[in-house]
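One chain, chain A, links the two complexes that follow: it is found with chain B in the first and with chain C in the second.
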Partner chain A sequence: MLAKTADATSYVTVNIAQDFTEYPTGRYQKLGRGSGEQFRDEFLIPSLTDGKIVKVEIDGTAGYPASFLEEAFGGLIRRGFTKKDLEEKLDIVSNSPSFEPYQMLVWQFIDNAEKLR
Partner chain B sequence: MWGKIEEVTEIQLDIMLSIRDLNNCSMATAIPVPYSVIIRSIGYDSIFRELIIGHLQIKLGKHMRRLSEKQRIRNVVISNLRFRKSQNRKLNIYLGYSTEQNNQIRLEPPELMSFSRNYEKTVKFLDEFRTLALQPVGAKQTLFVDLTTIQDISISVAIVLAADFHRWSLLKGIRLRPRSISKWNPKIVQLFNSLGIFDLLGLPEQKTLIEEVGDSYTLSRLKSGVKYDGSKLDSMQSMFSRIIEGFTEQPNLYGGLNEATDNVLTHAYPNDYVPVHKNAGQRWWGVSCLDLKSKSLRFFIFDHGAGIPYTLPRSGFLEEIQNMASSLTGGIIGNEGELLEKAFEIGRTATMDSHRGLGLKKMLQVIENSPGSYFRVLSGKGEYKCSQSGVVEKFTRSRHIGGTLIEWSIPSNIFTAQIKE
Partner chain C sequence: MVMFSTFLAALMGALIASFAAEFIKSFVRGGQIVELRRDQNLLEIEKTIESIVKYGEEYWSNDAKNLGDKDRILQAKINANQHYLSEVIAALFEGETKHDCDMQFSRLMKSLTGDSFSELDRVKNFQNLAGLYLHSSKLRNAARQQRSKLKRRFLS
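Presenting the complex of A and B:
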């Protein structure tokens, strides 16, 4: 999905389980800690806005509610990023077969949000 | 009725008519009687005489006194109290409870409390309890729920009952006290202890004379949280995660549980919903346990919300359901059980176009790869149960459960290989 050329300084790696939470919750921050909104606003948007390439490692959490993923990644489109931007700057990584479906889910949410723009 | 009337003037006749009309309303007269009335006793019907005497306290042959303002008000107040008392007596009979002499209302649950085996009587009792607890009949009366009558209670009913007790204590600002514990069925005490129901109500664990081995082992005790209460949710999630700590290869389970909780927080308490019984905030209750009989892990989440059949139309999801219904059943969605079935069937096949459908899909995915497991929802008057093998049962009941109860049951041998010692 991602084809980038960049040097090491423009890469940011975020491991959701280690850097954010092992227990992602729902969509909105007001509903509790570990929300998709919080992850997007605190981790994704600052780095993407700085022009960095963001590598998101999704393994190791207890799991992901669909609402978390949709708000975190689909919400980037609603915040002004385009699908093309994200294809260039966002890398979703998983090394576990249990988490690989979430990789596809993320890009489907981004695709869907783009269609609804 | 009138009998033979002599020497009755036109004014007297008007007053007599008014009295008769008033008697039909069971209210003391507040009609001003400015005129003295002389009633002769000749030929009057006896009932008519009693009417006159009863309402105006007139003795035959004597003049009627004009009532003072104070007396008139007193008569109205007394009549109102009598009227309310007569209504209370009717309510007593309707609800089927007895009032003891010390002004205490005693409510007895059925012997068997189970949604699957005794739904009607169980929910009827819950409705009566909620009505009495949250809208007391008499200001000076107390409510006593006699749990000594219960011989068997399912875990799901225990959770709903605990949620109602919790709501009662929160709304009234009271601390409930267990009575006659020694007379409770020991299995009931053990279940309440292990689920953490006494703990939730701020009470110590209760001892019984007979130690009973229960049918379940609680993994995470009953917890409650409200919208915006992220710390509680985090705590409950932590408990879930401790349970499934060794099971990170089962992210679907966590996702499904979380989706259900998120569903409660986002959809269960819509702003335009006026509940039958007052809510203690937008609250959820959750617990997980190991069922020793069936050797399965069971997870429950309950809320006092409007129910999925109520909230679905407001989520924009109903159109999809109606579209599906039109292709399968000619556009007819007969009842709440069918509505739930359609919603979750759409959840099975949800695409990215419907996020709400995807949420329901996530709930179902929990059981996808677990043979012998099932997913069950009781919401509003509907019930939907789906097993991993694809067998679906749906029911529409006559009574509203009072919210939404979601349950997952997963055979524990699914996790056996991954349990950390």
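Presenting the complex of A and C:
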């Protein structure tokens, strides 16, 4: 799911391993640093709300619990974004084959959350 | 003169035959090494699935508060094995064969680390357990089937 064309200034790149945590935990912030909720609220929502295209680089972590991905990305739908918004503004990037399943899951969770709206 | 040229031809023939034999042996050995590595990766996938089922079973059949510190330890083991499994799948497969295994792997992930995974107030969930058993078996089966379809190296 690639973002539509835009000039370079409207892109924001977030590398989860370098900018957030190498060890994503679960859903909620009450567990401490590294939750899906924290990532969504601190990194995704501010940039998406500003109208930027957010490129999320997912390589380099010790993997992702499905609950982290669901809360971080499926949770965007619950926070008012639509699947169409995210298809245009969210770019999930991986260069490593072992991270491809996580890429797939992100869009499955967005799709599922959209169906439950 | 004739004897010398015959001798030279015989020597060249012997050298070429010896070189060809070594070349073929090395070619076959290379193919055998590739197939051995593939078999080892498949074995590693199966062992890791077994570990995941063992840890996931203990995790989802108990409330977090009943496990105490063990809850965190199991989480760490589950996370590590889940990602390691993805890496071994990627080492063995590519393209369509990998996609098939990735689909099964992602279904396994949802049962294993979805829902209330890592929540402090997590309660036991036998539906996740059912999903874990089902999707781990399907992944194991998919990996075996895709491995058998991998084109074997010539003369391996």
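Going forward, the second predicted complex is superposed on the first by the 116 of 117 C-alpha atoms of A that agree within 3 Å, B and C clash if a C-alpha of one lies under 4 Å from a C-alpha of the other, contacts with A are read in each partner's own complex, and residues count from 1 in each chain.
Just so we're on the same page, a residue touches a chain if its C-beta (ideal position, glycine included) is under 8 Å from a C-beta of that chain, and two chains touch if they have at least 3 such contacts.
Worth saying up front: this structure is predicted, and the values here are computed from it rather than measured.
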Overlay on chain A: chain C relative to chain B, clash or fit: clash
Partner chain(s) touched by A:37 [first = chain B, second = chain C, both, neither]: neither
Touched partner set for A:111, first chain B, second chain C, both or neither: first
Which of chain B and chain C A:57 touches, first, second, both or neither: neither
Contacts of A:22 with chain B and chain C, given as first, second, both or neither: first
Chain C versus chain B, contacts on chain A by residue: B
Touching partner for A:91 - first (chain B), second (chain C), both, neither: neither
Doubly contacted chain A residues - partners chain C and chain B: 23, 25-28, 30-31, 62-67, 70, 96, 98-99, 102, 108
For the chain A and chain B complex, residues of the former touching the latter: 22-28, 30-34, 60-68, 70, 96, 98-99, 102, 108-109, 111-112
Chain C residues touching chain A - in the complex, by the definition given at the top: 79-80, 82-83, 86-87, 89-90, 94, 98, 102-103, 105-106, 109-110, 112-120
Touching residues (chain side chain B, partner chain A) in the complex: 227-231, 233-234, 237-238, 240-241, 244, 248-255, 258-259, 261-262, 265-266, 352-353, 355, 358-359, 361-362
Parts of chain A lying in touch with chain C, wherever the complex brings them together: 23, 25-28, 30-31, 62-67, 70, 96-102, 104-105, 108
